[in-house]
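Below: a set of structures, written as structure tokens.
The two complexes that follow have subunit A in common; it is paired with subunit B in the first and with subunit C in the second.
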Partner chain A sequence: MKNLINKLSKVYELSDVVYQRPNFTYATTTKENTISLITQLRDLEGFSHFVLLSCVDWIEDNLFQLTYILNNPTQKYDIAIRCMIDRNEAAMTSAHYLWEQIATYQRELKEMYGIEFPGSPRLNENFILEGWDNIPPMRRDFDTKKYSEETFFPRERPSSNDPATYMKSRLHPDEWDGKIAE
Partner chain B sequence: MSEEKNIIQPAEQASKFVNPLYAKREVTGPDGIKFIVDPLRDYFSDQRPQIYEPNSIPVIEKFLNWARAESLWVLGFGTGCGSIEIAPLLTPRFDAFRYGVMPRPTPRQSNVFIISGYLSIKTLKRVVRSYEQMPNPKYVLALGSCTINGGMYYDSYNTINRLDHYIPVDAYVAGCMPRPEALLAGFNKLKELIKDGKAENANEYAKNFDWYKANQKKIIKDWNMPDYNW
Partner chain C sequence: MSLKDILLPFKAWANVAKEPVSLKNPMREGAPRYRGFHKNDIETCIGCGTCEAICENEAIVMVPVEGVAGVETKSGDSGLRPLIDYGRCCWCGLCVDICTTQSLTMSNEHTWVVTDPEELKFIPGVDKKTWDNNELGWKKPAPNYHFYGQERVSMGELHAEERGDSFIEFVKGYSKEQAQLEADRCVECGICTATCPAHMGIPEYIKAVRNNDMEEGLRVLYATNPLPEICGRICTHKCEDVCSVGQQGEALSIRWLKRYIADQIPSEKYHEILDTQNIYKGDKKIALIGAGPASLSAAYYLSLMGHNCTIYEKLEKAGGMMRYGIPSYRLPYDQIDKDINYIESLGVQFVYNTNVDAAKLMELNKTHDVVYIGTGLHLGRSTGIPGSDHEHVFQSIDLLRKITQGEEIMVPEKVVVIGGGNVAMDITRSMVRLQKAKYGKVHVLATSLESEDIMPADREEVVEAREEGAIIDPGWGPKSIEIVDEKIKGLHVYKCLSIFDENRRFSPKFDTEDKKFFEADMVIESIGQGMDISYLSEELKSKLTFDPRGRLTVNKNFQSSLPWLFVGGDMVQGPDVIHGIANGHKAAIGIDYYLNSKK
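The block that comes next holds the complex of A and B.
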């Protein structure tokens, strides 16, 4: 794995390389290099299986982190390629022509994070949410509890007591100070 | 580039090549009646649900309620994690058929709807549709704390909190998740209610239809079903 990373880092700008396990490595590259790096891994290095594409919202840094995990079935190891994209105008080059299933992942990311993948098939169709008209729900600036309270008729919840003071009042009333903490 | 051939083209591009199957056309039915079919129209029932009037002779209504209580036909629709409890319930270990509980494959043949756990908005749309398709008399059994107050998903943007605001519920089985024994107890409670003539919530749905529909429309904004639902 180290040989591969050394070989790739001569061509691509790799940073934050983490050798997580003997058969699993993380590497971060730039947004422009990501798709060509993945293409090289698929076509020349034997990473023929696409595992997943996921996203992390780093709202403090104003960035989205995309993670492409690829698997090499003959050598039995995985590599995760990460790239950071701008959060305000989130867009990434579509990779649907490399593996068909990436189009589905990209549909999901469009719906859940609002990331554009121009040219990806069926990108704007409903994936899980049907008729969603708010900001994408997996963005961290979306307040899911507030949305739920405004939308779903919340039932009043019973008040709960601190178990430690409550049990003290039941089991050791002589040591108890007469109050139960909320 | 060879993979590109298998990928379906985006909708904007597809609209240039209108499939002749989707065009509006006149069809002659098997009995010779001609009618127009528009495949892209949404064929929802626009008829309001009817209120079921009980038989004017109390003895006969009591007998009918007894008969209804002894043959509960359950719609095979698992909405959440509770659907895993229904399989052992209906198979020999817990054998709900002892109590006249039997699974049915379609809403048109069933009269008990088990809402087995949390409901996302997407599932609620199918639930409302199936519930409206079920013939009267119909009963709803709600499983788990998710249907009561949202349970552990109370703050989720995509799951409802209270089921009784969307469809009427006859009996709740609390727990997270209730065991099949609890479900059997729930069925027996439902039977008692039916025999007492108290499980008339389908009529409540018909009476307060506008209120229920307003609540449903508050969260379900897109009522169209994708093609795979047909």
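The block that comes next holds the complex of A and C.
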């Protein structure tokens, strides 16, 4: 795997290389290089199987992190290519022409994070949410609790006890609290 | 409508003969690390509530389960256990991952069918479930998988070699980075709060360290403890013994974090931070006898309530045992002064070199609204063994007082200390320093009735005494002091088999065949202290009540059976500084209540 990373490093700007397991490596490249890199991995390096595409919201950095995981079935190892994209105008080149099923992942990321993949088939159709009327729910600024309180039937929370207060009342029941008259 | 449309519905009937696609119950088993239904080993769980705190869905609440076998509210166990609502849980497993005792786990069971959703609330381990003995499922992956640091941030100390012959403070204190790193380990459960005699807001002041808000930290400290520099150094830290983080790792250095806060703030800023620039003073007068922690604490809180306090002290400075008992390598005098000077600055009067006898006590009663006595335990107890009346047999507290006052004491080449408490360790380590300075070598041996595992001294005191060259040989009962030609030769001891009888009464048993002889030129007794209440006249004594151990009995306001007389400190609880501070505070509230109700 190290040879492959060295080879790719000469062409693409790779960073944050993590040899996670003997058969699994992470590497990060630029948004612009990502699709070229995975195309090369597919066509020249034997990574013929697409595993998944996922996203992490780094809201503090105003970035989304996309991760494309590819598998090389003959060598039996995986590579995960990551890139960071701007969170405000979130858009990425579609890769549906490399593997048809990527369109489905892109449709999911559009619905859950609001990321655009121009040209990706059926991108704007509902994925699992029907009639969604809020900001994409996997964005970290989406307030899950507020949404559920406003949307769903309330389920009352049983009352709880603070360990410190409860212990004091049990272990020191006679303790003078300055309020109870003798 | 075509023929196809008419026939199509009937095609479905072809499926009647097929195997169903759905799975029969029992369905397939969850994966070995599946995050299924919860289990809790309720005897290991301490009810710290960390699972509740981390639960994003508010699916966990802490409920009392006393009465269930294996659970009771006691020091280090709240007696609460988590109740989980599966109408809210999302099985993320954070509760399992944070669990301080690793008692909470998840089984790989994942089917539970009910008709009433209210039934989906249960207390794992208490409400019996079919998955309770299920071995598979999610557990906190050990080792090295923790949400908080397992090890203490180490404290800088002078090496045993460097500190061995000096009374300079040897614990250096945390830097800001160290303190914040240590504070970051706290899970804010509050198990420590109920155990601390003063119920200090420990999680709150640790949070202040984490937020680098020293002013807030100081306010939290002074809410329950007006001697933070002192307690930050020498408190017996019962809080650390029960710290939930200590269940799987090292307990938080709560005492050092308290010291860190107080060390950061110069005394000039105390008035502004604690908002004590202008205190209202009323006309009530309180006399406090003995300037130890209990009187200081009572005077501090009484001053804030607007009362005029005067402390009468037999010696020339305030602090009691903190100044005249605890050696300066553990508690430097300037730190005692910092705490006491602040209390004095609130208008508390100190009258030094004044011995209160029976006549003086009655005079104070006439001139004050209330008299508070906190004279402590300052009479050493003797073993009474043959030879213990020799002039070179000393009481530890007498020697410690003399060392503090700068008086010369006898420092022979061989010393034996009898006792296994903190005072015994204080005199042992003090004698080590004096011997090293005088002879360049150490020959001090401390022995106690208690075996190593039940020695009352703090563990670090024993460890540090050994580091400094003292020999600690516990588990022996003193038999006699051998004297030849009027000189002490040493101490004969028997093996101690047990200390208390079946009724927990002091009744040591010895193996008289198993003997030892400890050579010594001087023997120091440190087996406990008694109180000196010679200032109570027979008439007063007849009006007061005492418990079977001879301690004055008080009500929960620390008021004696004479309404004008309040009592606190080691005379009624402890003995230790933090109990004195706590009961001084409670007595202050009690005195204030008494004075207001008298109007």
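In this text, the second predicted complex is superposed on the first by the 161 of 182 C-alpha atoms of A that agree within 3 Å, B and C clash if a C-alpha of one lies under 4 Å from a C-alpha of the other, contacts with A are read in each partner's own complex, and residues count from 1 in each chain.
Just so we're on the same page, a contact is a pair of C-beta atoms (placed from the backbone, for glycine too) under 8 Å apart; a residue touches a chain by one contact, two chains touch by 3 or more.
Predicted, not measured: the structure shown is a model, and the values here were computed from it.
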item	value
Touching partner for A:Y19 - first (subunit B), second (subunit C), both, neither	neither
Partner chain in contact with A:H172 - subunit B first, subunit C second, else both or neither	second
First (subunit B), second (subunit C), both or neither touched by A:G131	first
Subunit B versus subunit C as contact partner of A:R155, first or second or both or neither	both
Of subunit B and subunit C, the chain that contacts the larger number of subunit A residues	B
First, second, both or neither for A:P163, with subunit B first and subunit C second	second
Overlapping contact positions on subunit A, where the subunit C interface meets the subunit B interface	155, 157
List of subunit C residues in touch with subunit A within their complex	47-49, 52, 58, 61-64, 66, 73-75, 78-80, 83, 85, 87-88, 117, 121, 189-191, 193-195, 199, 203, 555-557, 586, 589-590, 592-593, 597
Contacting residues of subunit B [partner subunit A, same complex]	1, 3-4, 6-11, 121-122, 125, 148-150, 154-162, 165, 215, 218-222, 224, 226
Subunit A residues touching subunit B - in the complex, by the definition given at the top	96-100, 103, 121-126, 128-133, 137, 142, 144-145, 147-149, 151-155, 157
Residues of subunit A defined as touching subunit C within the complex	155, 157-168, 170-172, 174-176, 178, 181-182
